[in-house]
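Got a structure for you, written out below as structure tokens; questions coming shortly.
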Amino acid sequence: MATVTPALDAHGHADDHSHGHAHQQSFISKYVFSQDHKIIGIQFLCTTLLMLMVGGALALAVRWQLAFPWQNMPVIGQLFGLFQTEGGQISPEFYTMLFTMHASVMIFLVIIPILAGAFGNFLIPLQIGCDDMAFPILNMLSYWFMWPAMVCFACSFFWAGGTAGPGNGWTSYPLLSDLPQAAPGSGAPQTFWLFGLTLIGVSSMMGSVNYLTTIINMRAPGMTLFRMPLTIWSMFITAILQAFALPVLTAAGFMLVFDRLGTIFPTTIHSVFFIPANIIVNNAEPTVGGGQPLLWQHLFWFYSHPAVYIMLLPAMGMVSDMLSCMCRKPVFGYKPMVYSLAAIAGLGFIVWGHHMFTSGMNPALGMTFMTSTMMIALPSAIKTFNWIGTMWGGNLKFNAVLLNCAGFVAMFIVGGLSGIFMAAVPVDIYFHDTYFIVAHFHYVLFGSTLFGVFGAIQFWFPKMFGREMNDTVQKWHFVLSFIGFNGTFFPMHLLGIAGMPRRYADPYLHGYLSHLLDMNRFMTVSAIIMGLAQFLLLGNFFYSMFRGKKVGRNPWNANGLEWTAPSPPGHGNFDIAPIVYRGPYEYSSPESDALGQDYILQTVPHVAGIKSVAHH
Amino acid sequence: MNQVTFPTTEDGLKDFMKIVSLFAILGSILILPGCGRVPDFGGGAGVVPDVTFVTGDSEAAVEAPTETNETASNEAASSGAAGTFSGKVVMTGAVTPLPPLIGKGAEVKDKEVCAAHEVANEKLVLGPGNAVQNVFIYLNKAPKGGKPLEVPAEPFLFDQKNCQFHPHCAIVPVGQLVKVLSGDPIAHNTHTNPNKNPSVNSLVGANDREGKVSFTYKKAEPTPFNITCDFHGWMNARQLAIDHPYAALTDENGSFTIPDLPAGKHAFIVWHEGADGGYVERKFEVEIKSGETTKMQIDYPADRFKL
Amino acid sequence: MKKFWALFFFFWPTVAIYACLIAPSRGWWFPGPPMSRTGVQIDGLFYLILIIVTITFVGTQYALGYVLWKGATKEPGSKAVFSHGSHKLEIMWTIVPSFVLVFISLSQLDVLAEIRVISSFPKDAGKPATKVAEVMARQFEWRIRYPKPGTELTTEPSPEDLYYVNELHVPTGKPVVINLRTQDVQHAFFAPQLRVKQDAVPGLVIPVWFDIKEVGEYDLVCAELCGWGHFKMKARIVAQSQGSVDKYLKQLEAEQNEDGTKAESAEE
Amino acid sequence: MSRTPSLNLLVLAFLLSVAAVSGCSDSAFNTSFVYSAGTLDLMPEAQNGTKDIDGVKALLDKRFGDPQHLEAWLKMPVDFGGTMTTVGEMTTAENGIPVVKLDVEEGKSLPEKAGSIQFVSGACAGETVEISGWNAETGEATLAVVPSQSVASGDICFVDGGTVIQSGRVLYMRHCSHCHGTSGDGNGPTARYLTPKPRDYRNGVFKFTSTNDMSKAAREDVLRVVKYGIPGTYMPSFLLMTDEEHHAIVEYVRFLTLRGEFERKLVAELSSDYSKAALDSRLKDEKKADILKELNEFLADDLKESANSLGDELAEIWATSDSEGALVVPSITRIPDSSESRRRGRELYLSKALNCADCHGIDGAGNGPQTIAFEKNPTTSELYNEPGLHDVWDNLNQPRNLQLGMYRGGRRPIDLFRRIHAGIKGSRMPSFKNTPHEDIWNIVNYILSVPFETEPGGTGIAPSAAAAATVTAPPAN
């Protein structure tokens, strides 16, 4: 009994001796090159939040061009002093670089690292009740490998004075990305970009190996697989996805690099994996080779489609945790949630072809990919229904965490449903590479994942810093982001239906699109609102880090193991090695009633004794 | 039973964050009118420029040129006071004559024609006592009281033989017909690179003796310009188009004569293709006395010559 | 305040649906009715999916709003329902969607086959549809190559071919095939009003067929990022009667063999 | 103490929105025309002149203005838009508002609608006045306001002047400037990635013209390039613009070209004596003060005069180039395309008398001996760094590979005839105007058959179409 009291203490005061091990560490080894999963997680979090703002700025520049084509660009136009004699207008090739880098930054430097890197690192050991990751040094490296990657991206973007940079889209299809003369920035910048990509791959690969090992081997006694929080399940499955999909991308990346080096060392390295013969680009000599550009698309999407789920599953898991806590109610259908996660991951490997319906791929393949893609909507649907089921009849706490989770569900529904249009090949033939696609994946990646992340940041903030974030500001942030987001991206569906192709610097050249200018202006304004709103998050984040209200171990009165540790947990996390007696979602259960509260920590042993004590 | 307590915020924090968030909206709303006025943007494609019509020239300026010409000719008619300027150009310092461009039978393009004879390097042609041939001596502007230019009726024949232009250097009055001939059984193309006149780039057929290619210079050139044949990179010639009679080219003895100069001070340009930057002298001051011949030697320091 | 948030989640899907409802009247919808047979089919399938999706959207979004509303109106201190879920429900909402999804995907197959499978390309009066032209995409324009009138289109150029740029003339009322290829990087042949889209892949010659119902001019744009000038690839498909197409080609042939002296004599 | 971070955040948000808004202010990023390298090589005094004496820059700007305020120099052969009229008589309506009777020269007609008139000559030259009432038949314009000065009859004024050049500027900035540059210097932001480089109009040279070798480009030629693009380069086709748009762009290109060429001519007047280099060498035996005095005199009278005569010259050559006379017209119709004619064509192609193979190679692959020879820059007579032929823009400019079947100046027989007859201006391709037209036609027939030869450098007899694969599969050189 006595042993569990500190863990029970709802407004618990962090005990000093829990920090015992931390004393002899120097600042560097403690906060910079730290091997402590918590510090690494927080490092990931801060880095990715910073990158989020960078990617956002790039996005706003793109929006600017679409709303005010060929007008001088504020902020960024002035920052780089671009094209003075052109009146500071964005030049078309710079536009291609803007959207390319926006996607690259957001996908590889924000969403993937913030989920797996930040929350995966911080939560896995805490939630499965071990003192650290299986391979702390590997863990540290996985963070520090992000930096060379960022340097590479920076090089590729600022090569030749800020207006170079890969302009081939984040998918960088050959030949555009393969022949240096094919496009501005297809030279050195594209190579840098590919190296950056590879380094990111290395970083996530280190991470996923670590997560897998830790989750399999280091769970606390009693933490059976089906007692794991869904966060852990999602991280586990994500790690599997990464471990299997990444090598393909890395291989493809190197094939492309070799093709490209061919133009530099024609005699030594001269592969032509993706280069067909007799292609004349930019007045250069006709190409020699018998390569096939479609090969890249297959390899790339074999990674990048699973990658979409890498960017989504962890958010799903975390949202399940937060929802059940904020509704004071068990997750509705825990096992179906787990199975559907697994199903999504499994199917995720056999649907990549739906990115290539118009690519001239064999129609028979198209049919199979269509069916598998349709099927992947099923587990997603199940999860959605379960989330709603979780909220149903719950004792809802209307704070920003709940709102962000509800936002997540709402946006995920839209993203999921719009996906069905694209899964159907004939309809996709029309929608392929229009703004409908853009709308779809922004609803999934921003609408779902980021709103989930916004919630998660606030939810686990107390565990990270021992202080809480300001809820009012988070609500403001939520409502502004939500309105701004929908204002920006919902109209994109309509643009797509109107047939507006992606990646057009000036769609209004074309008669059938010219009337869409006003709508684009509206979207840009919404985007600016959304962008400014993010300053609230940052402000609140850093303000609360130092000035937020101090809280105890379990401010949310949640069940998970992490809440039995001090806030913030010292080196080694738990002051008593936790023993797990039940699943993480036993809110408002009879047992908890017995304790006279609506939650019961996983570590509380269900001995009859407790009940009897309660009865006296 | 202990209720779950959710965070309550200190007021200070609360209202400051409210201000900021209001600001987020305000800022973005500011941007709307700011950028709504698309046509008013500085630069960019949207601006409709305003157009003002200009005649460009003030009346005085328009008449000016004709007027001066008249005066020039009038005075020339009236004033008889004129003298002659003659002399020779000599290269001073250590001089090494240039080797021929192409030796007899050398391995060059169209050797059967171009290497049939030795092709001398005419960039520097020296006469006895290091006298320099092909030096241009001229006034850059018609002097007050000078004679008008009389344009010879017969055309100036510009020949080429054995992949070499003949003559290598020439002074061509503005308005005189230039006929390009060829004595070679192969094609040449005559490519002029003047500064003020339009450039000619025309094929000269094999053994073209009647000069199908012909042209005239409409404007005086500040300096002699280069004429090349793109088929035979080594071929080049120099010509000076000029609109007054006061110009001379040194002969094989390096000597020259410019007659009928109005009395008074004159500043001659002394120009040679080998000289660094072209000019041997930018302003060679000469005092011309009426009825006399002013003889002078112009020194051409060897170190000014650049290969 | 709780109620406000619940209403907020009722409110936004309502706005979204309203936006979609007024969209067609505002021109935020398809660029005109489908002008080809496959276009009609594609639109049909789109509306089929749209209906299913709209029902699901409304259902789920309002369900979300509803549970939030219930939570908001719950009197404070009351206990949450303790439930780990329901098997019946799980099975129900697994079976139903799977049927719907399978139905959707099956409904697509024949149209897909007709559009893409070469063996099932439509016949024109028994014979395979005529290849009217080769469309060669390049950065950043569409180069069109017609066969000399009265001859067949050869895969590789022949001396007498007729060339034009950014304007493709095709006969109406019957299926026609074009050879789609690219001179440099990947492009995509996208005719919005015809609902036709096909990538032009370097190294491949891809036949694309469509039939245009009405005489008129239809946009032709590029839908695959092909470099900085991607958006500049503005072209049009001119659908005419067979007669006027022949006339056009005759005239094009005349222009192509223009030797500069006819114009002269015409003036004199 | 809980205020300090809040203040920082406020400042941040404030700066952000201010930056955003300031980006939209009218003054930011005014577009400007750049001056040519030649101008910038002149000694500063020559560029800028003095307070009351115009330097090169002032002389240029007064006649062409800047992208926000274009000057329409009347003598330039450019259709600036609007109708030129002369004031007949000026009456005053009872309400004191003046009514101007405008006469248009014969042949021209007054526009249906009119919004404003701009006086070009007379007391209120340069003044633009709104029109409240307009009668297209009589040409009576009721002015909305009273002009500042008195309007005398005979004053020249434009009705709705400058409309064409305005829309030309707008279209140019949207479609062209990112490659060709705001000032037509072929140096826009995109240009650096392109081969061949976008045309620099300022030499007044256009390569592919229908006019004879000594003429400039006709409007028609520029129009053809805009409409059909240049195969094998990044110049795309702008076919789908309206005729008005095409016209506006062509006129604006002419405007930029004339501006550039006028600048070059001004510089040519000064460069030999007043360039920075000349100054250095002159300072050896002259005093700076004397040079400046001399310069100012030169600027004050000589250059001021020549500015006008130069303008006239320009106007004349560009106007005549646009006339029938300048057009290259074959004296005989095309020789029918026969194997005999092609064989003859190939003989001529290889003959020493015409030397085609020197550059284009014996099998037409554009790899003749000249392409590996180092050549001199004709003006500086210094060797170029890389072997091969160079154009007047000093760009490497290799002869066309005739096997590709890509004809930049157009693929019609007449186009090829003109390429040969007039040469390619600005490039090393000379004019063959003295070659008999019959021979030229034979060569044209041969060249058109090259892509379809069975084996490279063959007899030029076209095989059956099936064997024509050489178009897309030329032998890699």
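By written order: A, B, C and D. Residues from 1 in each chain.
Everything below uses one rule, namely that a residue touches a chain if its C-beta (ideal position, glycine included) is under 8 Å from a C-beta of that chain, and two chains touch if they have at least 3 such contacts.
Predicted model only: the values in this text are computed from it and were never measured.
Colleague: By mean C-alpha position, what chain is farthest away from chain B?
Modeller: So the farthest one, by centre of C-alpha atoms, is A.
Colleague: Pick the pair with more C-beta contacts: A-C or C-D?
Modeller: A-C
Colleague: Determine the centre-to-centre distance between chain A and chain B, using the mean Cα coordinates as centres, and give it in whole Å.
Modeller: Distance between chain centres: 65 Å.
Colleague: Any idea how many Å lie between the Cα centroids of chain A and chain C?
Modeller: 31
Colleague: Provide the C-alpha centroid distance between chain C and chain D, rounded to the nearest whole angstrom.
Modeller: Whole-Å distance between the two chain centres: 40.
Colleague: In whole angstrom, how far does the Cα centroid of chain A sit from the Cα centroid of chain D?
Modeller: Distance between chain centres, rounded to whole Å: 52 Å.
Colleague: Could you say which residues in chain B touch two or more other chains, in rising order?
Modeller: 10, 13, 17, 20, 23-24, 27-28, 31, 35, 41-47 - these are the residues of chain B that touch more than one other chain.
Colleague: Quick check: what residues of chain C touch more than one other chain, meaning two or more?
Modeller: Residues 139, 228-229, 232, 234.
Colleague: Which positions in chain D touch two or more other chains at once?
Modeller: Each of 2, 6, 9, 13, 16-17, 20-21, 23-24, 28-31, 67, 173-174, 177, 190, 193, 234, 472 in chain D touches at least two other chains.
Colleague: Give the list of chain A residues in touch with chain D in this complex.
Modeller: By the definition above, chain A touches chain D via 69-70, 72-75, 77-78, 82-89, 91-94, 163, 181, 183-184, 277-278, 280, 282-286, 288, 506, 528, 532, 535, 539, 542-543, 547.
Colleague: Once bound in the complex, which stretches of chain C touch chain D?
Modeller: Touch residues, chain C against chain D: 139-141, 143, 154, 156-160, 163, 165-167, 228-229, 232-236, 255-262, 264.
Colleague: Which residues of chain A touch chain C once you look at their complex with the stated criterion?
Modeller: 91-93, 95-96, 167-169, 173-176, 179, 182-184, 276-277, 279-282, 291-294, 327-334, 336, 358-360, 363, 366-367, 370-371, 374-375, 377-378, 381-382, 384-386, 388-389, 391-396, 398, 403, 406, 409-410, 413-414, 417-418, 420-421, 423-427, 429-430, 432-434, 479, 482, 486, 490-491, 493-495, 497-499, 501-507, 509-512, 515-516, 519, 587-590, 593, 598
Colleague: Tell me, which parts of chain C touch chain A in their complex?
Modeller: These residues of chain C touch chain A: 1-2, 5, 8-9, 12-13, 16, 19-20, 23, 27-32, 38, 41-42, 45-46, 49-50, 52-53, 56-57, 60-61, 63-64, 67-68, 70-72, 74, 78-86, 89-90, 93-94, 97-98, 101-102, 104-105, 108-109, 111-113, 115-117, 139, 183-186, 188, 190, 192-193, 195-199, 201-204, 206, 219, 221-232, 234.
Colleague: For the complex, give me every residue of chain B touching chain D.
Modeller: Against chain D, chain B makes touches at 10, 12-13, 16-17, 19-20, 23-24, 26-28, 30-31, 34-35, 37, 40-57, 61-62, 64-65, 109-110, 140, 185-187, 189, 191, 193, 195-196, 198-203, 205-206, 208, 212-213, 215, 222-223, 225-226, 228, 230-231, 233, 236, 277, 279, 282-283.
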